[in-house]
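Every chain is named by a letter (A, B and C) in the order it is written, and numbering of its residues begins at 1.
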């Protein structure tokens, strides 16, 4: 069995154990169904109040009832996440390329990126709102952009650093210029890492998009619906929007995973 | 030593450059920003949107409420708020971390549990769990556990803890499963039971996986605590301070900026705490990265 | 003109004295192996010829030029122990790499690469990905790549070291055929005595560090009309192996 690589923050959790095929699929499905059934029973029988946890059946009903609103608000939140993801991706890759090219730039950029990964970037939402006004989506998109830039930069920088020594020597033996070295070996070699960065950034974009909505501004996204439903004690409705947020996050994650797989197909693992 | 000094100088230089860039943007860009059609492309750069760096820093020493008796400075208010939130975030981190590690141990021990629960735990890292924050906030004042009524700050800690829980559970499990098959078999030939193998092989091997997970979890716990404070309206924390200062920011935004600096400092301190943990566990770090 | 000429070559890495007074000539079309214990400097010597290392003193000529000039002019092809194929390029694109780097146009590159793949017997796999090929096949592609600029000299650093014995013997036969057809000179580093003997015109035996040439043994490289398997079972082959082994022992008290 291969050693799992730490720090290569994929969502896998080490070597797979247990039976292949169906044997691996039924436990999580059974677990999920079991939890839902248990949840429903406990809420009904023990009379758990709605503010604590509504029953799944009630939530499902609300999802149906609110579906058009869910779609339109999800489109807004998802749209902000997407814009931020794309812009943040471009900026992240560009900065990493610059950092690889210029040692000075790299040394200056690294502490900034490191700090950015530790601080709550979403706290910048009010600042952007002041700068751009509260009647626009731009503050949220900016927050998402900054949030996305960090993992993309880190992943791209790592990819650009990873040249296999034999490829390095090959380029020297072929008398390649530094640009040719980058073009033929370093950049294509970095692509899997860049795609991993994109995959990791995608759900983060959704999370940032929703969190940014909690800091005020336009009330047209999923986050604001959750808050207003909770404030109006319409808890099942709030949970319906929570379910929609979870679905949106999963959607972005799967899209990121798909792009990663497509771009790196045919290469060795 | 030269390398360390150089990184320090680079970090300081980078932040100085950021400050310079801020002032440059203020200087060069038009006060009203740039609007193309309906969309504002460049922001307002006048003093009511982007205060000068020195205005913000100066604000730290001014009294929070003008003319009030026994006034504390803005700096003191921000610091106390940041510390309050830090406490809740770290508390959440520890709570979520311990529970996450316990779940990981259980999943390592029972393969069936891992197969059943792991997909959900992994998927939870990709979904915005923070969306539940306003709902947990709703527990405030409504439930009592053994006579102790649910305080708003408890909601904050719960929210922080479940955001920290998932990354740590995943990271710990990967770490526990990381040893090579040949190492595990070695322990079996030494007639070592599950517990001994855990203590002597799996736990040490899991450190290089756990540390990045804790770093991630700490950042998530901090964000969670701040957002939770906003959702619950918890007094005393930096989240509440940010919202309050944002509301009074039309006249004077520099207070808001100080609160945000406080939040940033909070994040850095939490990261620093994780860094200390990293140093403390250096022996087990292995040759990773 | 000699393919390679080394005269009084010394190489030090700080305190470590890797090569001591190496004098060696390799004639055009000649196949010479370097063999010796680990750390004897044989790879270092190859890398000096390749201009991947600079000698501390002494002179090196590759086809009458300095190694640096020879590298810039792409006068040699090199194969490492790891095939080092670029996983995002197809097999034929990997063979084209040296030509692509040096600005040869697409059509010409493709013709040359296809012809080389035929030479190494892999023309069916032109469109495949390296990840689909076995170790031996990847190494053949690497050799084809090394031959792309039609060099007069091939440098090979234990290219078959990672292969199993059967594949190794097959690859040796392939290499002999390729060397004969291209008439290139070959400088070949190896750990394996039989491999050195069957491939080479001459086997250069090196001493442990600091690396010196202990002895040069005549190899049993098959002639154009000889079968390599016959050579491997001949008395002269075993005698040469014994001679190399004794030379190794001589330098290794």
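In this section, contacts are C-beta pairs under 8 Å (C-beta built on N, C-alpha and C of every residue); 3 or more make two chains touch, one makes a residue touch a chain.
These numbers were taken from a predicted model, which means no experiment stands behind them.
Ranking every chain by how far its Cα centroid lies from the centroid of subunit C, the top place goes to B. Chain centroids computed from C-alpha atoms place A closest to the centre of all protein C-alpha atoms shown. Rounded to a whole number, the gap between the C-alpha centres of subunit A and subunit C is 49 angstrom.
Remark: subunit A and subunit B have CA centroids separated by 16 Å (rounded to whole angstrom).
Chain centres here are Cα means. That of subunit B falls 56 Å from that of subunit C.
On subunit A, the positions that touch subunit B within their shared complex are 1, 3-4, 6-7, 9, 11-15, 17-18, 24, 27-28, 30-32, 49, 51-52, 107-112, 115, 117-120, 122-124, 126-133, 136, 138, 203, 206-207, 210-211, 214-216, 222-223, 226-227, 230-231, 233, 235, 238-239, 241-242, 245-246, 248-250, 252-253. Partner subunit C is touched in their complex by these residues of subunit A: 164, 166-167, 169-176, 180, 184-185, 188-189, 191, 266-268. On the side of subunit C, the complex with subunit A involves touching residues 50, 52, 71-72, 74, 78, 80, 82, 84, 86-89, 97-98, 100-102, 129-131.
Of all residues in subunit B, those touching subunit A in their complex are 6-7, 10-11, 13-15, 17-18, 33, 39-40, 43-44, 48-50, 111-112, 114-120, 122-123, 125-128, 130-135, 137-139, 142-143, 170, 173-178, 180-181, 208-209, 212, 216, 218-219, 222-223, 226-227, 230-231, 242-243, 246, 249, 253, 256-257, 260, 263-264, 266-268, 270-271, 288-289.
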